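What follows is a pair of complexes built around chain A, which joins chain B in one and chain C in the other.
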Partner chain A sequence: MRQYIIKRLFISVFVLFGVSIILYGLIRLMPGDYISNTVAGNPSITEEMVVGLKKLYGLDVGIVEGYFKWLGKALTGDLGESFLYKAPVTQVIASKMWTSFSLSFMAFIIQLLIAIPMGIISATRQYSKTDYAVTIFSLIGISLPSFFFAAILQKTFAVDLQLFPISGMVTAREDYEGFRLMMDMAWHFVLPIVVLAFTSIGSWMRYTRTNMLEVLSSDYIRTARAKGLSEGTVIYKHAFRNTLIPVVTMIGGSIPSLFSGAIITEGIFAIDGLGYTAFHALKAGDIPFIMGFNLFLAFLTLMGTLISDILYAVVDPRVRLS
Partner chain B sequence: MFNKKKIAAWIISILVGTSIILSSCNSGSSGSGGNKTLVIGTAAFNGVFNPFLASTAYDNYVINLTNAMLIGNTPSGEPVDGIASYVPPEEIKGDDGKTINTVYTFTLKDDVKFSDGTSVTADDIIFTYKVLLDPTYTGPSTLRSTPIVGLNEYFYDDKDYKLSIDKIKSLSQNISDDDTTKYFTKMSEDSFVKEGAEKMSARLSFENKDNLSGDSLKKALIEFNINDLKTKDKDSMKKTIQGMKYKDLEKEYINKNLSAGSVDISEIEGIKRIDEKTVEVTIEGVDPKAIWNLGDIEVASKSYYGVGKSGGKFVGDIYSKGKMDIISEKNDSPMGAGPYKFVEYKNNVVSFEANPYYYGGVPHIEKLKLQVVDDKNKIPSIAAGNIDVSDPSGNPASLKQAQDAGLETITIDNLGYGYIGMNADRIPDINVRKGLMHLMNRAPAVQSFYGDLASVIEYPMSRISWAYPENAKAIYDFSSVKAMEYFTKAGYKKVEQNGKTILQKDGVQLKIEVGIGGSGTMDHPAGPIITQLKNELESLGGKIDIQDVDANILFDRLSAGQWDMWVAAWQSVIDPDLFQLYHSKGTTNHYRIKNDKLDDLITKARETNDIGIRKTYYKDALNIIMDEAVEMPVYQRKNMYVYNQKILDKNSIPSDYSPFRFPFTRGFYDIEKLKLVK
Partner chain C sequence: MNNNVTGLDIDSSNINESVDSVINPDEKDSKQDNKKVITPGQLVIKRFLRNKLAIVGIFIILFMFMFSFAGPLFSSYGEYDIFFLDKNGVEFVNKEEIDFTQEGIALNLRANPSLNHFLGTDKDGRDVFTRLMYGGRISLIIGFIAIFIQLLIGVSLGGAAGYYGKFIDNLIMRIVDIFNSIPSIPIMLIISSAMLVLEIDQKNKIYILMLVIAFLGWAGIARLVRGQILGLREQEFMIATEATGIKTYKKIFKHLIPNVMPQLIVFATLGLGSVILLESALSFLGIGVPFPYASWGNMVNAVNDPIIMNQHLNIWLPPGLCILVTVMGFNFIGDGLRDAFDPKMKR
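Moving on, here comes the complex of A and B:
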């Protein structure tokens, strides 16, 4: 297995390299660069200043030359300084990703706790009223745009019932610390976590349901029933464990993506996460940050698939990686 | 099997562990806020809290609080004492009566201290200027555009700067045949990019006999255009080429000199330290904007910003020209002589405490917080008590929302205006432009979008500027009859074709393309004007193609001169200088307006500090601009502020707020005087 992992990591390097070429090309082809965006609407900028600024930001060179300049630095671990945040890209990503991660991770746990049992229930009672109810519920979740669902939650739970704060990460007025601060943050994160969880419960539920149905129609389940085992034992001991195989691999694969942030939800709830930060950088044409962030995403995706392949071998004794 | 289970268990427990640790590793500062704190809601920060580098309005809010201005301004936008006293500049005239130099003197008031307790000195002012003028400076300041004596020598590190520029000038006068070929090709390629194949063929009356397409059509058109240029007036073509060559050589010079390593010139001749408290700045000639460029700066501490830090202790390098990295090290910890002291920026909240050394008196409110809030949540958040003050976007709906919630509102005119522009290069016939102006119905659009929070303006200038003409009246009233008269004057006729009316001249239909940034749904104050313009023009037989695009695309195409007509807004500064916008040599003259009389007026208005004289120049200049019909002024809007009067004492809010003195946000004027309700 070690050899397999090393081989996969080795291939990943080449994939990242290819991704970086495509990314850089696309970013440079976007209309408007950082300088023209910042000076637009400022009537006191002179042409000489624009030329000078483009030079200082390294925007005076062509795409190919610019890419190799970027690559040369990136290979030494220097992803450059963000135009917008005026700090090293790695530092900006590192300072924001844990906020995004804690938010997404909590939402992820809640999703699984709700989605997996619901998927199993609706599979075991296929075409029953419960099945339809669960399916409708989860499809509503998938279909609701997060900004709309967030607005409903804010209106109901924050404005009308005043159970939760409307937005923000902490109560600005108070200088809480330690445990109080933790509780205060948790209180502020409830609504955004509900938004993130509810809008993606559906896909997990459907995934579990499909897998469960597949397992339920297999031969060994018929054998188990024929042996005269109770329905509960058949489902929770024989079927459920086998359903978990693909689910666990999917879970493992999703974990890295929890770092990537949620653009819309973070914006609405004023959470200082990676998604909203990246969105601003993209709008401003902050090349070093967009490059760094997208490579980070590419890296997470590669890690996700690798983890899910490894977990597949871990949970399913029939699979051998070589 | 046991092993594999163990691995899975490890992965999950590590992840759970880290997320819990990370969400709990934040530690707050001490003390309880309670009723000593005011919370202001703002938009998201970039975290560049540096008086030199902060570029967004919100990062600048932080700097406005921590740093103090050298020179302030009165409610009507005239200079007044800041941390230094304001003295009108002294003009030094030559024998011919023309001003050669203007000298500005800034003398610091007694007992002005930074929030770390050290005194502000002349060295700090000079240090601030030098950083803003550093050749590797990448921030938003435009101090560089002020003609300070010796500035170019310092900036390009070239003591013979004037000679170098003269050399470039004389070099660009000599045009070789190679130059002609090079620039004719460049001009033709540029026109191809700007116009596209269809328009270019029409302009050149190019007959596509061989049915070319794609690259071969491009090649043929460019060649055709080059031959066309060769037939044009030799002298004016020569001038154009000289201009282009000069720009290329200048660019080469800038690039070469900015990358030079060693420092030869370390002082700016025109910036002098007179004594401990006084700095004298000499500029070439007269520049009425200079007082703002020089005085509207946040003075930074040389001993704080000019010294590199290492492990929290100031032991590193000392700032000298080119070492901007020392300056940007302090992006996360601003320090200055402002009313508040920066405490921390964490979890989207910036915390401050009153600066005990503030020269304007210690602020009454002990603690101040800036909390990031999405614009749509601002009013509900004030109503719910999460924040106390904010500046939601002003429109009839938000105004009503605030009033329904029982909150107090303040509206203040915005320093800027919205307009619809036309490119005179692309719509060269002034009568066509005038015709189009008569098809713009502004009042109902502005009323429906802003209600009472905006009004129609008649000249392209913020109404609050002293240069806005008095008793202004509409010049192009909405009238399709008058529009048709102008179109007829321009040679357009209505022709019936296949049962449709076509407005055409020499067989070509009147067609224009409009760029607007309306989020894809024409959600823009000028949206209805453009929609109505389209209907009106189409009923006359013309055609309008509306492109609702992203702001990046809008401005990118605008600076490349690729819109016939576009919708945008200008953010103004205190001085109403028109040079960059309307002078034929202005950088942002997107209207491509070239009028010698206008150029002359704009230049003259820049050559005196006398507001009375400038006013008359501007009046004439604005009338010429309106007559050229390149820009339809649309609206002057107001900014809205909402606050919770149960928290913030209404009586403590300064009554002399104005577009130049905002009470709660930009500038935070008189924030030290605000009080909380007890």
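Moving on, here comes the complex of A and C:
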């Protein structure tokens, strides 16, 4: 087990290197002088910063040498300073990711609370009307573009019915504090959470249903039925628990991605999380932030796979890692 | 949906036949009993056709293809035609240089739906309905080409990794891991700003968009193919190919790839939906299909204007619905195919 984890961590570091090479290459392969071009016309960037930036990315030296220079700094946690936010990239990411996390986490909980029971029910009543309804519902969720769904929600619930605020995180001009502030934020989070939850609830339902069906067709379920156990015991004690193995693995693997921020949803609802921040940085050509953010996302993806692989072995004793 | 008495009869005979065809796949032509013998392929088609959602999906996709490829032939309006109103309120299209000094000429902006414009005109005075058809063309073409390239890369790299194993497998799978961890929207943002600097032609931007979507998405296919081939390699028929001394490429393309086909078809169909979704999200953000070309995603983008959002639903609602319905169509078909190919599904 320990050996496996060490091996996987080693691979993850290797993959991160690969990602950083590709990202660095992309920026280096930019035509002419990418940095001068993107910063031209941006009055808040001084000549000094341009020089500093070129130095950070080693643009004054060759591509290989430049990469290692940049890497050396990145390894010590110095990802440069964001133009747009006038602070170290790591600091900006660390301060914004918790907003994104709280938003995604609430959506995640709602998703699981609805998707797992629905998936189980639709699997136990395969090809019934309920199953069809759940299938159609989840496929609509999978197929719905988040920006379009967000626009519909804004139009109906914010503009027409005026139930929820159209965007933002707090009510302007009201200086709420403490509990009132929390309630105000929660109220602003409702629509974005609905968007995030609904657009990915479908895949969780399908995943639960597929796995439950797999379990239900296995031999030990037939044995349980042959013993004369009641259907409830068969399903909830034998089948459900085994279905949870892949589901728990998947849940664990999804947790890191909750920090990544949702660029589109946060952008539309003006939620000041990582996705929103990143989008503005990207539009403004904030190169240090782009690099840092991309590396952070790659890191989260790798953590996700690692956690789900390890959890798989922990939850299911039949799995042997090598 | 529910089994009636006759349905049950067919079901039970089906199971028998499917068992037969699994046990004796090569004897499918020989007549056993008096029963009609079904090949595995026929069984899959039969199962697929019995899935109502999948049939709905087929009709949706057929309709969307007709709409976006044949539709423009029946329309006299072009994709970029801008409509004007003269001082008497009579509409005309700008074909030649227009004399703006002439009084009373105005763009026919955000017109309401009418017989001339089924869905009105957009914020630049273009016909929404016509752009909807051209937008569908672009979305579908991008989807198919991107998936095709993904399959090409994914199958060859995944196949090589699964077949050769050891060092090559390790190397390819690490590349897969790298591509799997690269986020697509931020990368596309970087590339689009580079294209701006390079002053790339708008038309070429579409090709680059296709390539980027393809290159960022093949990792999943490679992983799937590799996993399947690793399992197949251990089976007896592969030992038999070893014994008969068949050439390597023949082993891969004649014996291994056909066995992965079902999963590949399902993956590609579901993938088409997600590629269209990705393309529309990129276009919505303004980094996908560029102006003046229409795409469903960049048409929904008009919703960012509060006036259009509140008063001109005819501009942004139809393209959004088109994306939803098309992607849903592909997902219905993909889901139906997965069930049809799965031998464990008794139906």
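Simple rule for what comes next: the second predicted complex is superposed on the first by the 277 of 322 C-alpha atoms of A that agree within 3 Å, B and C clash if a C-alpha of one lies under 4 Å from a C-alpha of the other, contacts with A are read in each partner's own complex, and residues count from 1 in each chain.
To be clear about the criterion, a residue touches a chain if its C-beta (ideal position, glycine included) is under 8 Å from a C-beta of that chain, and two chains touch if they have at least 3 such contacts.
Computed from a predicted model, the values in this text were never measured in an experiment.
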Chain B or chain C, by number of chain A residues touched: B
Now for A:Ile264: first (chain B), second (chain C), both, or neither, which partner does it touch? second
Partner chain(s) touched by A:Ile245 [first = chain B, second = chain C, both, neither]: neither
So, A:Val159: does it touch chain B (first), chain C (second), both, or neither? both
Looking at A:Ile110, would you say it contacts chain B, chain C, both, or neither? Reply first, second, both or neither. neither
Between chain B (first) and chain C (second), which, if any, makes contact with A:Ile221: first, second, both or neither? neither
Check whether A:Phe148 is in contact with chain B, with chain C, with both or with neither, and answer first, second, both or neither. second
Between chain B (first) and chain C (second), which does A:Lys283 come into contact with in this model arrangement: first, second, both, or neither? both
Which of chain B and chain C A:Val15 touches, first, second, both or neither: second
Across the two complexes, what residues of chain A are contacted by chain B and by chain C? 30-32, 37-38, 151, 154, 159, 267, 283, 285
Touching chain B in the complex, chain A uses residues 30-32, 36-38, 40-53, 55-57, 60, 84-87, 98, 101-102, 105-106, 151, 154, 158-159, 162, 165-178, 181-182, 185-186, 248, 252, 255, 267-272, 276, 280, 283, 285, 307, 311, 313-315, 317
Contact footprint of chain C on chain A as seen in their complex: 11, 14-16, 18-19, 22-23, 26-27, 30-32, 34, 37-38, 127-129, 132, 135-136, 139-140, 142-148, 151-152, 154-155, 159, 214, 217, 260, 263-264, 267, 278-279, 282-283, 285, 290, 293-294, 297-298, 301-302, 305
So in the complex, the part of chain C that touches chain A is made up of which residues? 1-2, 53, 174-175, 177-178, 180-183, 185-187, 189-191, 193-194, 197-198, 273, 277, 280-281, 284-285, 297, 300, 303, 309-310, 313, 316-317, 320, 323-324, 327-328, 331-332, 335, 344, 347
Which residues of chain B touch chain A in their complex? 1, 4-5, 7-8, 11, 15-16, 19, 22-24, 26-34, 37, 39, 44, 46-48, 50, 53, 55, 135-136, 138, 140, 142, 144-145, 247, 250-251, 254-255, 258-259, 289, 328, 331, 347-349, 351, 369, 371-374, 376-377, 380-381, 383-384, 386-387, 550-553, 555-559, 568-573, 577, 580-581, 587-588
